[in-house]
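Quick one: the structure is below, questions incoming.
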Amino acid sequence: MVLLQVIINGLLLGGFYALIGIGFSLVWGVTNIINLAHGAIALLGAYLTYYLFVSIQLDPFLSIPLSFVSIFLFGYMLQRFVMNLVVKAQIFILLILTFGLEIFLVNFMTTFFSADFRSVTPSYAGESLVIGEIVIPYIRLAVFFVCVIFAIAMGLFLDKTWTGKAIKATSLDIEAAMMSGINPAKIYAITFGLGSAIAGVSGTLLTLTQAFSPSIAGGLTLRAFIVSILGGLGRIEGALLGGLILGVVETLSSYLIGESYKNAIAFGLMVLVLVLKPSGLMGRKYYAEVKH
Amino acid sequence: MKRIIIAVILSISLLFAVTAFAEEIVFGAALSLTGKLAKEGTLVKNGYELWKEAVNKKGGIKVGGKNYTVKIIYYDDESDPNRGAKLVEKLITVDKVKLILGPYGSESVFATSAITEKYGAIMVQGGAAADKLYTRNFKNLFGIYTVATEYMDDIIELTKGKSPKSETVAIVYSNDLFSTEVAKGAKRSAEKNGLKVVFYQDYPKGTQDLSTVIVQIKGKNPDIILGCGHFQDTIVMVKQLKDYKVNPKVLGFSVGPTLPDFVNSLKGDAENIFGSAQWTMTLKYKDPVFGSNQEFVKAYKAKYKEDPNYHSAGGTAAAVIFQRAIEKAGSIDDIAKIRAALSSFNEETLYGKIKFDSTGKVTGKGMAVVQIIGGTQKTVFPDYVAETKPIYPKPQWK
Amino acid sequence: MVLLEAKNVAKSYGGLKVLTDLNFHVNSGEIVGVIGPNGAGKTTFMNLVSCLSPITSGTITYKGIRLNDKKPHEIAKLGIARTFQVVKPFGGLSVLENVMVGAFYGKRNLKSKAEARDAAEEAISIVGLLDVKDKDPRILPLAKRKKLEVARALAMKPDLLLLDEVMAGLSMKELEDITEEILKLKQKGITMLVIEHVMKAIMKISDRILVLHLGQKIFEGTPKEVVEEPAVIQAYLGAKFAEKGK
Amino acid sequence: MKDKKIILFFLFLAVLIFLPYIVSGYWLRVLTQTFLFASIATGSNIIIGFTGYPAFGNIAFFGVGAYVTGVMTTTYNVPFLVTLPFCALSGFVLAGILGIPILRLKGHYFAIATVGIMETIKEIVDNMVETTGGGMGLTLPIMVGEPEFIYKYFYYVMMLCMLLSVLICYIISRIKIGYALRAIRVDEDAASVMGINTPLYKTLAWAVSAALVGIAGGIYAYWLSYIDPHTVFGGTYPVKMFAMILLGGATTVTGPLIGAFILEIISELVWSKFIAIHGMVLGLLIICIILFIPKGIFETFKGGFSFRKLLNNLRENSL
């Protein structure tokens, strides 16, 4: 019974990890940028939610659209006016650029939002669905569903809309896409905007279950890393699966081996997948595989 | 190009220009003003600044009939102990400062005190509680925090003789230096008091999920749950304890309940949680500079528009003790005399009655226990400083 | 003497068959041309010989040694050198240094820098790049970069040289130059397998020609026979029609 | 030209040798720290710059070296200098073993795999409480002697470490292997058909790189006398290292060293003036280096400084 509870906990946690990973994976798959500032961008969403809650008591779930839109704009601008300037450079140059951005954003938040740990506790926090001995906290369940809905919506967007198709086309072959009239600068910006927006939403949800401060940005990015590697780059359903796997692996290893080993196991798993199946558990040959 | 050269020369000369003027007593501090310890570092700095203003308003530190204006040189160690060590070396060798006010954080104090010791400078610190600091036979390090292994003693003490009786205890801790020592001490103290430790488990520093640990604790159904970690994990733990309906008689934390953000973050869920405190606003101690602890609190609120906590009070207290020792020693630069004055120190300050043992750590100060009652923290233990009686056992989650 | 021999060689990517049942051989001292429309499997075959991608089934032997499980660098040490259709100069290294890499690690496996430099200069002079030997190859025109590819391969002192479309995109004058150079190399005893689209040139240099179409050998014979073979003409014409249809 | 460079280098060396007799303890420490970064950057540059594999998590071996020295000096009472070969060896062996599977990955995948390795090793060290002290950190025996002597001692030891890294890089760049590595950096397929055993050379390059970084870690541990997993594995080290390599030029021998000096000295002079916002300044500085001088200052300003070159750099990689 405890085992079942642990697995359920893992799945609920995994939903959140999936959402963190989706945006990261999308940006990486399409623009070939490993965005080390992903966690910091997610925290921008978290702070927006926090201040809306504190100042006008806006429920975190209701601030999701606001996070989405404002962080989308932020990400769009960032890609359009900064990242696009170096996007063709060697990969470690991009890596350092986003790390520089991370340092900047984290310190910016520390300066203006302070290094205090914040958390949002709405009145319904702590209520749980109890089935026999199994306890399912409503907030975590709701967070889980929001994450899954976003994942599905994202997948539909990429498959069904013109913009989505243009993004996919660009990720497959940027030159061919250009020749069919797609402006990659714009597509990259939209992709980065979307990735950031989803990160922002995950930041919003983060406020409900944890305490956050600018200093946790790096940890969030690392989770996004693992999720995208597990699932395969640029694949929404892959990131969803990767998130769930990571959640369950964490809680299970914590239960079976010991809480303090869970990070080691999560990272070990990532390295293993990289070595054995670099395209990810659900990855197919194309997308990022061809790009080095 | 010319302008660049001029700029470089200017900045270099600025660097060397920082020398002490006559009639000034200069202290140095390398604190974490950015990075992961920025919050605590800034609070300690606030404490130092408040003390400086208070002393200078009174005309400065009086040594040998002469008044010296206090000046403090600050550097930011970016929450990196190595950088802290480098900056303390800068304070000592470049700025020629030998009176060092400590940084916040055990790692930082650890690294920087090695430098002060090497150069024969002296450090008084109100920012680190690790026992390990005092096992190195250092002569020139004095600390006013009750050490980590004694952190939980008073919470456990508090449960004695209460009914219904608490018999089992679960201890979880973050696997960093400070928290591990706290947990070790808590375990020892619990066993000494006849409690059975049914769960003892560490978790990675800064973890984002503790559900597995909590499910396991639930299986043990302990009377007392003690969390030895930091603010972030404490919040996660409270939220998840409530999620999974774990209801101990006592829920106590080493770090968290004493910080104002605790109630802001958790709202009603913070109710009745215990916390160990180096210091609280309501302690009734006298103080040589501010008059009393209450006066200190008032001055702090006036200057910073917020309540002080034990970080800032620790900063102020460390500086006050430093000042009193210098005045007693009758010298602003004879380190041996100042050290002797600190070794024999025995005075009441806003932080409590301060005495140091031969290793430089404070003795007999003890910890206050606070409980969140009605959305504010109340000092509930020990009895002679308590504002009100503790609520025991803790009511179930709403 | 048979130098290189392919027996029942096949290559497929997933379900896609790129080469099927290829049998053929190269004798020492020969120049063998490989022609065929785009997608015929020419470069794939060359990649199999240089072991850049694994053979699906069948065997390739070189001097009687089975190449199937070898690594590219092992092949190189056996005396096989190749050029790439898409030139791959080592940017950041000068032309001379590029060629030195070949001298260091090819069949010669030279140890000292001085020896490698001498060997490289010799190879460079063969292709006529001495005047640009200290330049970064990235700034050279395509023809010179193609020559560099050849020089690098030559510096390895190969017995078998695989040339992958070294003539594509060259002017008439450059074509003549390179044809002449290839013939000169033949006189030095280097066996060559040449993939080419430029018919005129390949007809001139080849002793024998192998015609591939859609992954299969459709003909093998002297240049003269190839020109007269209806199957070859049809394959090319068909391919042309197909291209027009696009 | 070449002679001039060598003369300059030895002049620089002579200045460094006599500096401890002129400057204060603080500046000695700043310089020692700079040497540390120069060692890390130069050592890492063998795999990053020469071979073209962005080993973002190369700091893992710094941590390993630090803990090798830490555990050997505390648990087994081995003299400090004796531990250093073991630091190098552990880095070499570890990278050698890990390199075989990991170096099959390229680009981003490789970068991330090294980060994964760094984090995994960190977590393992964190959990080996009995040997390493876990999250509580490890206190090394403090060296006996006058502070003056101790600082000069570490200054020279760290300087030797830096010179060793530079020397090894120089040798590698001059001999046969150097050509192989540079060929691998540009095009691995082309390199392999020319007879270069690419897996072997890549692994060798990483192992040497890890060994050098490991030595730096060992010295760091004894120098600071306190190490914990969170400071020696990660932090801002990887990005600083990369920024130094980029600033000085990734394909050169002395580039990372020069980058380290520039960045460390700038931060010393400028940071203390911007206490509150220097984190933001550092972030912006890194972004600017990436945007305007990604090829390093020497490559960029070969024929003198001009803004046009900065703009050209910007244009080159933009979409």
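In this document, chain identifiers A, B, C and D correspond to the written order of the chains, with residue numbering beginning at 1 in each.
Basically, a contact is a pair of C-beta atoms (placed from the backbone, for glycine too) under 8 Å apart; a residue touches a chain by one contact, two chains touch by 3 or more.
Please read all numbers here as calculations on a predicted model, not as lab measurements.
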Common touching chains of subunit D and subunit C: none
Innermost chain, taking as reference the mean of every protein Cα atom displayed: D
Remotest chain, subunit B as reference, centres from CA atoms: C
Most heavily contacting chain pair (counted by C-beta pairs in contact): A-D
Centre-to-centre distance between subunit C and subunit A (centres being mean Cα positions), rounded to whole Å: 47
Euclidean distance of C-alpha centroids - subunit A vs subunit B, Å: 36
Whole-Å separation of chain centres (CA-atom averages), subunit B against subunit C: 74
Overlap residues in subunit B, where contacts from two or more other chains coincide: 34-35, 175, 202, 204
Numbers and ranges of subunit D residues touching at least 2 other chains: 123, 126-127, 236, 276, 279
Residue numbers of subunit C (touch at least two other chains): none
Chain-chain contacts as defined at top: A-B, A-D, B-D, C-D
Partner subunit D, residues of subunit B touching it in the complex: 8, 11-12, 14-15, 33-35, 74-76, 78, 80-82, 85-86, 89-90, 92-94, 107, 110-111, 114, 118-119, 132, 136, 174-177, 179-181, 202, 204-205
Residue ranges of subunit D in contact with subunit A within the complex: 48, 54, 56, 101-102, 104-109, 111-113, 115-117, 119-120, 123-124, 126-127, 236, 238-239, 242-243, 246, 276-277, 279-280, 282-287, 289-291, 294, 314, 316-319
In the complex, subunit D residues that touch subunit C: 174-176, 179-180, 182-183, 185-187, 189-198, 251
Interfacial residue positions of subunit C with respect to subunit D in the complex: 50, 52, 71-73, 75-77, 81-82, 84, 88-93, 97, 100-102, 104-107, 109-111, 113, 116, 152-153, 156
For the subunit D and subunit B complex, residues of the former touching the latter: 24-27, 29-30, 33, 123, 126-127, 129, 134-137, 139, 142, 147, 150, 220, 224-226, 228, 230-231, 235-236, 269-273, 275-276, 278-279
